[in-house]
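What follows is a set of notes on a single structure, which appears directly below.
To keep things simple, chains are lettered A, B, C and D as they appear, and every chain counts its residues starting from 1.
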């Protein structure tokens, strides 16, 4: 039975989020990355799907959430957040507080966009170096047929 | 490549947690329940896997987390927490505060035990009536070959 | 210029929310109610519009928010929350904590539904007796051409 | 009927706050800015009026509140807060914590002053670049016949 309509559907679907989460971990294994945590947020900023690989250190889930939530909160990928944290340190400190302490301005927070540009949600990955975390997020979003926005212009 | 050993492995494995999360949602669809959110915590009390079905109302993720975290925090299934909330209301209010506001003493928070009785983690489900949420959790834990502890003696 | 598409549109529109907020205060004056605070949340649970009349006591904004957020969080109007608070006190205490302390289970939290039943947001009003707060919310939602759900069946 | 006197009237009136909120959004559309959120606080630091345009990214309401609350909290406009955040970083981090995480030291938080210099409240706007957010706030405060204080001497 399909879920009844409630209006509580914000951007990304469960099917898309599950695809992204499992594809991200598969990409991590393919690239032989350190254990990863992947968080997928919907367009309301809520957890839609989350997976933590065995062996992740304790703060990986929080870091992955902060990467995704920071990107979602400002509507920019993590690379743009990193630039702003350099240029406007006071603002980014305040922004982290506004976000309840969950806003991490580094690569690995990636917006998920539809073909028309609409932001459907965000992915945050933590476990290996930020660039590699980000690569796994981008590969996973594309595997789901969606567009990844890292905060760099293409 | 298998994940490198780090010591950061607390009870339930990712494979088990994923199986539980997907089986719980499948059971929800089979029983035609309202949209469900399922949270799986490891033995360190951290998120291991999480899935939110399309159509869940806004607080379902928080409630599912609170059911699992309350159970994990005291080492009892949600039915025992519910009994204690009746008998010791002041304690349960304080416990909720201790848990950062995330402890929900109702059915649907279910411990995951190994064959030898060790607690591997906990599952929290929210979306339908508490009894039905719990039934989906029990079915999913058993589908993963593990033992469900609802807080009632068998 | 119309706002650019971003995907960040969750249910109720600004135009609808403004209409509800101003109509609620107009109804309050028509009925000669005590000074009211009206909060309109969107389907992501965020503030969409808010107005506080001159003379409101200090906690009126927090109470109005809690009425709306409680309704939005569970997907029920405040009358159903009030019934559950009677029947399941432990759950509602925990739910208030989950909601960051902002969930008030009394009349005056009213869901805003579209013609197809989808939940577009919620209105919370505080200032006079709960029944009168609720009457102002219902009148305002209907003045905006939308459907009010108080938590009682019609 | 006029509202009864209660003593709970702190500076700005509802009529002034509504004028500012709607004029700020009108100015944003006239200047073709990105979608804006406008928050108006009274002299007790509480929400008096708030409007969020369709399309605002998730943290805009929090940022707008933090701009206004930071200004109100210290009694300086956002430009002075930004200077202090440069010169006294440790203090501004602590101030953000004192403010419950809601103090954003950048332009766009603007004090509302009466003709005699008394602070009646503060306006915070977020959505576009800080300078443009601030320009919309200043225009709106002046449209309401009041004096805008950005933190720069005139």
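In the analysis below, contacts are C-beta pairs under 8 Å (C-beta built on N, C-alpha and C of every residue); 3 or more make two chains touch, one makes a residue touch a chain.
None of these values were measured; they are calculated from a predicted model.
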item: Rotation in the CA alignment of chain B with chain C, degrees, nearest 5; value: 90
item: Distance from the mean Cα position of chain C to that of chain B, given in whole angstrom; value: 31
item: Chain centre separation (chain B, chain D; CA means) in Å; value: 43
item: Rounded Å distance between chain C and chain D, as computed from the means of their C-alpha atoms; value: 24
item: In chain D, residues with contacts to at least two other chains; value: 57-58
item: Those chain pairs that satisfy the touch definition; value: A-B, A-C, A-D, B-C, C-D
item: Contacting residues of chain D [partner chain A, same complex]; value: 57-59, 62-63, 66, 70, 82, 85-86, 89, 92-93, 96-97, 101-106
item: Contact footprint of chain B on chain A as seen in their complex; value: 1, 3-6, 8-9, 13-14, 17-18, 25, 29, 32, 34-35, 42, 44, 46-58, 61
item: Contact set on chain C toward chain B in their complex; value: 44-45, 72-75, 88-91, 93-95, 97-101, 119
item: Chain C - residues contacting chain A, complex; value: 5-8, 10-11, 43-45, 75, 113-114, 116-120
